[in-house]
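Both complexes shown next keep chain A, but they swap its partner, so chain B is in the first and chain C is in the second.
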Partner chain A sequence: MTNLNVIEATRFYINRMIEDAGQSVKGLVMDKETASIVSMVYAQSEILQKEVFLFERIDVAGQKSLKHLTAICFLRPTEDNIQALVRELQEPKYGSYFIYFTNFVELNDIKSIAEADEYECVRVIQEFYADYVAINPHLYSLNIPITYENNFLWNDQLLRRTAQGLVSLLLSLRKKSATIRYQQSSNMAKILAERLSNTLRRQLDFASSNVNAPDHTVVLIVDRREDAITPLLNQWTYQAMVHELIGIKNNRVNLSQVPGITKELEEVVMNAEYDEFYADNLYSNFGEIATNIKRLMEHFQEKHKSQSKIESITDMKSFVESYPQFKKLSGTVSKHVTIVGELSRLVGIYNLLDLSETEQNLVCQSNHSEIVQKIKQLIQNDKIRDEDIVRLICLYALRYEHHGNNETNALLRETLKCRQLSEKYIQFIQAILNYGGRKFRQADLFNTQNSMAITRQFIRGLKGVDNVYAQHIPLIRDLLEQLLRGKLKDNLYPSVGSKDRIQSNNYYTTSQQTQFQQGQPIKYRSSLFIIPSEIIVYVVGGITYEESYHIHMMNKQGARIVLGGSYIHNFASFVDEVLAGGVPSTSNEFFAVKRR
Partner chain B sequence: MLPTINDVREGFICPQCHLDMSTMEMLHVHFQDVHMKQSSSTVKGLLSFAKQKIKSVQDNFATIPNEQSNIYAQYFSVEPHDSSTKQQQHSPNGYICSHNEEFKKFRKTKHDQMSLETTCLLLRLERLTSIEESVPKSSNPKERRKYEQRIVDWLDDSKVSLCPSCAKSFGLSRRKHHCRLDGFVICNECSQFLPFSMARYLIEPNTSSSGLLNKSTTNGVTLQRTNSLTSVTSTAGVDGSNLNLKEGGNHEEYLRICRSCQQILQRRYDQIRFKKTDKDEVLIRYEKIIEAQSELEKIHPTYSAIVESLLTGETKHQLIDAQRLYRRITSCYETIDSTSKYISKLGESCPNIDENDTSSQIRYSALCRNIRMYAIHLLQNYSISTRRLPSDDDVQRAR
Partner chain C sequence: MSSRNLTSNFLEFRNRASQNRTNHADNSKWDDRNPLLNDDEDDDVVHFERNDAFLWMEFHRKIQSQFGEIRNQIKKLQQLQAKCLTRQVFDEDAHSDSEIRLITKDITSMLDNCQMSVQKFSSFAKKSQANSYEQQLVSNAAQATFNTFQDLALKFNQCQSNYVRKLQSQKDKLDQVTSHIAIDMYASPFGDNEFDQISLLSEVQQQSASPVDEYTTWREKELRDTYESIQEVNTIFMNISTMISNQKASIDQIECVICDSINSVEQGNKELVKAVQRQQRSLKIKLILFGIGIFILLFVLFISYI
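Here is the complex of A and B:
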């Protein structure tokens, strides 16, 4: 069974666009967002091969025209873009235009464009649903750095953009219908789910999802607030680690801060589709990467040595033949060696091993007094960065929110005694409980709430941990496992339009319970379970590379899951996201300690 | 509570108490400590026993790794037409929605309406600017006016007290005039003056008289500038316009028209110029590259086949054939290389682009640079796979 691949889906559209424009000198006209979309799945050198020689933005004002060139316009259907397109057509810079919108476009807009096309340049106007950024085959994002607004409400424009992104994801994977399940406790998730369902129904004439259809997609919409700990943890797999410590934006890594960096390595592109070493090591942990890179270096040195011994014509010939690969290899090697070198330098100076072990123990074990001691130690340690102390304090606050001896205030006081925490971090600590604390979240993040979870935790402890830095398992994985086994409770994660469901032999149902409330029977059907053909996850508020790693592992074992979110967070961007949701108004006081 | 018979339950269910344990290890542990009588009642004993059990379970699992590797596959449904389409697309193609039909309809309606207006004006224009002897010229104003009024109905000017384009009132200093093409009343300031030569160009863009107009804009092979719209007319006063061509001592005939007629005619002019644009030099050269490339594609495989057969001692082909093809191949390489070099030089010098128009220059240079990169890449790919031409000795040795 072919696996879902969002990168292939986007590439399909772009290939089609370029083919349709035919044999001529082509120019690609994009807007800011579609430029990211294209650059993530296509390298410039590859596009150049297809005779696309110009890359422009629609919003840059008119220049001299180059008629006899073909323009391939790939735009989001926003008002600004339509206006810009109308202006462009009235004074065309190109000879012919092939217009592709990434989402549904209204009839009036088509009319305005048609009326502006005085020179009859437009040959084609179509909708190609590539409205999201594809990062890995199972991972997508909408590049919205901050989703929340004050009081955790939806901004209209962002809601619209998100719904559009999800619809286009479904259509690009050739899914017209889906069961949409959302997190009941999150208002934002609910609104998004309903919006998505309405859009699908309205645009494509599909009534309630045809439950008997064998390929049944499940869309799961959850809120980041349900699991605020995953973005707070330090990571040890290659992709995740680079993002946490240095930062990856649109597959680009800015290395200008690395001491002794050469000019050409100041900004590098890390794209698994074009970089074999990276593709193999995306999910390897730090130890494995070090071994692999050593191996790569040895391989490279061998090749280099053989290159320098050119003695005969045949040698020269084989040199020339293998030169391009050699050049590419040397580029890759220097890039990865630099990055891994920088990562290990940072691990050393920030004492990350010790820190990360503490983080993981804090989240996965239950030794309260021990952990408080450890944190106090680390606060005193100068090598540890302020932001890492903030991480620890937030993790502690979330973990021991209702603990009898909650020491969050004490820890914070100690920190302020020996460090100058920026205002932003102090506000963040105050905001994190409001964001992801017990009051909001339903999930049992620390396995303390029911006997099953406690036992599970117990077993894990007994087994002994093979990697103390990877103990944590993000909530999303547990949710998905529950969903697959039909155990994701309907009252916590209902589906949109679950009232009208019909039974068929494709299901297996779990127990039906009838509850009586005040004499009236309320039929409570627990998860009418349909075997999904794939699962598409969207997290309002962003995801992390750690979660992507877990989904990747599940997919390797036969799952068909696509994960995505509004943004891919690291600690820094997560702070901004949380603060956008609103800081509770506790002025000088720290937060009240909740007592059971 | 025990479930009813109708329910089907799956998973690791304890046979005794029917509680669901999610995994194998948990089931074992649960079963051991709940349902089996243990001799050791201490917690420690229980723990160590549990540990042993788990280890043994893990060992079991370690020997059958394959079973673990696809544990999630069971939870997903398989598409029914899977086997038949195995050979087909590897990845599903996304949906596409086309709006071409509606677009063309909208555009056509607009165009039809516009061309109706334009044609109407052009017909009148033709009659008004005819150079036949019988038609009175501006040298004979009275006759001229009568002639013009015969073609177009002039509006009764007593009804109009304000100029429709600038809304200023008519009076002693501002006199009423009539647009020759639609008969409306305009003041002198708002009048546009259309030279007869331009009018003739608009009516018939392909005749040689239009050579007059071409002088100022096209000069062999240049880029068109549609954003510095050359105006078809000049405003009040017949000097200082782009297209004011005073041919010798002959003064041009002008036609007074209003702004709206001017806009319609301007559009017509722009459309004509748009269609007639000449190809930029870059593109002409690029076409040469494409020609050379397609020739390479044709010859190269033949060449490789011939060389192969020569080196393996076959006598199907002669060395001369290989040599001939090799010469052609190298000449293609030469063409591609030199043309692309020339293009990249063009990109640096940016001819025909305004000095101040830096954005256009950047764009033009980027285009040329990219074409050069494309050519280099093409050459690299081909030259790697081109085999060296065998010499006579090689051929002899092979036979």
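Here is the complex of A and C:
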């Protein structure tokens, strides 16, 4: 079985759309979201080769007629799009229309489109389930920057969009059955899981996965609040670092803030499908990137030198043959050199090495007094940014939440003495405990809650670490490793409908086996360590590139996991997400400090 | 592939809707009160646009068919070359050699024609079209044809150079082998001593007879090489010209944009000058009015005192 690849799945649909439209000159009509979906998997030059010469938005009104063109409409089935389509068909611009929706569309809407199609321009209406943004082969996102609403409830529209996105993901990966497991402690995850299961069963007669089948898929829905640490850490792998320090949106990086940047490098595209250097170095850490970039530069200089020596005719021929590749290579080299230069400049001026070491030690080791001293030192250091101090304080608050000498307030007081923290950050610090504190989590985030974990941590500490900046392992990795071994506890992560299902489609741990044996007849395999062959993960509240890196590593060792979330967070977007969940209005010392 | 085809439902709905429409059709349009001809100006404009649009599409279709032909010829060439490379070493097949040369000439001339049409298409794209959509459409189409043409030319070059390289390596191997055989041929099978004289004589004879033949073969080889190298130079210059014309397009665009911005900056300058003058004038008028007002006030005060 080939590996799960969401980019291939989306490209397949788009290729099919373009082929079906025939040999004529085509124009692609999209809406705002599908434009991002298409641009992430297809480069413009490639799509031009397939005779798609015009790219339009359905909500932007066009004027004149293009009757000699065929329109391929790739739209999400929202109210606005249907209205816009109806308006378009009443005065059609194009000669013929091939309409593809990214998700289920009601028969009523088809009826309204049919009634509007007086000139009979529409040839085909199909549903092609590409309703998510594919970033890497194992990584997808739904581009929803803020999922939470006040008091951590679902917004109806966002819930519908999320369920639609997940359904389309399952269908595009050609899954016919799946078990849906969700995080028990999160209400939002539970609601989403039930909604998803209902939609699948209703629309498609989706069977719940037969556990004995060889290709058993598990859909795991967890909540970001379970692991609030990962978005707070500074990163050192290429993709994650660029996103954290500069910001990647839809594979585009805005470099206009870089001093001395040339006009053509102000906005660059970083796409692993089309950029070999990037694809090789997505997950390599900062040191490795430096070596690789040096090698790339040397390679480029060699080529350049050989290009300049043109004496014989064979030389001229080889020059002409290799010139287009050379031009592409020079573009790639300048882009990556600029980006890496900017990253190292930022690392230097913000003292990120020192800071990151402190962060990692704070999260993974337990020298309380030492860490407090270090944090106080860093607060006094002018080079460190305000947001990094906020990171440290939040990490400290989460880590030592129930510690005897909790110094969060003291640290905050010191910070406010030397720095002017913006209102947003102060609210964020207040909100983070409400968001991801011990009250909400069910997982053992710092390996302090049971003896097994403590011993594991101790042994890890004794062994020492080979990379002090990569000590932290995100919770999702532990969860997935447990799931792969068949050891993910059912009471913490139940599957949908497990209470009233009687057949063998459920998965029980050995401890619960006896409970149910008395009640209902059960068929299960003799070995209860059933391992899912494929896992599809969705994190409500967003994911990070660090988690994507760990999943990539797991996939390299033979797992088949696809990771996704509502958004790919860096620190800035995470702050907005947490604040949207609601700031606790309890009066406490923080307010007292402010009033001073 | 997971998808769902809703076309049948759609067609059903559409037929039903069209039936409903004809049943409830409003016949007022066909009343005798309406004039025969409509004074609609738009029709002319639409008519004009359509010609233009079809023109570039014709162009595009012709170029695509040319590309298709070139691709077929390149495939044939590759097959012939593969056949030549795998044939027996001593089997000098002049026929397939000449065929290869013929096809290469064909492809070169077709690429030449293609290049002219692609350039014509690009210049047509630069002319301003009826609206921005057409403009973008045609420029995208021109860009795509240009890229395809470059790829084809590159492919042809690579094909040729691979063939020459493989042929060269084969010849080198052959030379090594024949040089060994040459030594063996001249070594006598009965030992060196007795037949040395005879073998020496025959060698001398061979050497004296060879200069003339050698000279002619060498000259022929040189001529052939020169001919081929001139052909290669031709294709190289053609490729360089396409690359440069590619850059020319962007440079032209830059020039255009700069001219536009010069115009708008000059206009903006004029407007600013006018605004400044107006402001100054209004300031002057305000001062004068203020002065008059104060004068009148003083006058009134003066009179009231008196």
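Operating definition for what follows: the second predicted complex is superposed on the first by the 546 of 596 C-alpha atoms of A that agree within 3 Å, B and C clash if a C-alpha of one lies under 4 Å from a C-alpha of the other, contacts with A are read in each partner's own complex, and residues count from 1 in each chain.
What we mean here is this: a residue touches a chain if its C-beta (ideal position, glycine included) is under 8 Å from a C-beta of that chain, and two chains touch if they have at least 3 such contacts.
For clarity, every value in this text was computed on a predicted model and none was experimentally measured.
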Fit or clash between chain C and chain B when superposed on chain A: clash
First, second, both or neither for A:V105, with chain B first and chain C second: both
Chain B versus chain C as contact partner of A:L484, first or second or both or neither: first
First, second, both or neither for A:R560, with chain B first and chain C second: first
Touched partner set for A:S533, first chain B, second chain C, both or neither: first
Between chain B and chain C, more extensive residue contact with chain A: B
Touching partner for A:H216 - first (chain B), second (chain C), both, neither: first
Partner chain(s) touched by A:S318 [first = chain B, second = chain C, both, neither]: second
On chain A, the residue positions that both chain B and chain C contact, one per complex: 12-13, 16, 25, 27, 45, 48-49, 51, 53-54, 56, 62-69, 104-105, 107, 110-111, 113-115, 117-118, 120, 122, 124-129, 171-172, 174, 317, 320-321, 324
Contacting residues of chain C [partner chain A, same complex]: 1-7, 9-14, 16-18, 21, 46, 49-50, 53-54, 57, 60, 130-131, 133-134, 136-138, 140-141, 143-144, 147-148, 150, 154, 157-158, 161, 229, 232-233, 236, 239-240, 243
In the complex, chain A residues that touch chain C: 12-13, 16, 25, 27, 45, 48-49, 51, 53-54, 56, 62-69, 104-105, 107, 110-111, 113-115, 117-118, 120, 122-129, 171-172, 174, 313, 316-318, 320-321, 323-324
List of chain B residues in touch with chain A within their complex: 3-4, 7-11, 22, 25-26, 29-30, 47, 50-51, 54, 58, 68-80, 82, 90-100, 102-107, 110-111, 114, 223-227, 267, 270-271, 274, 277, 279-280, 283, 286, 290, 353-354, 357, 359-360, 363-364, 366-367, 370-371, 373-374, 377, 380, 384, 388
Contact footprint of chain B on chain A as seen in their complex: 1-2, 5, 8-9, 12-13, 16, 23, 25, 27, 45, 48-49, 51, 53-56, 60-69, 91-92, 104-105, 107, 110-111, 113-115, 117-120, 122, 124-130, 171-174, 176, 214-216, 317, 320-321, 324, 452, 455-456, 459, 462-463, 481, 484-485, 506, 508-511, 531-534, 554-560
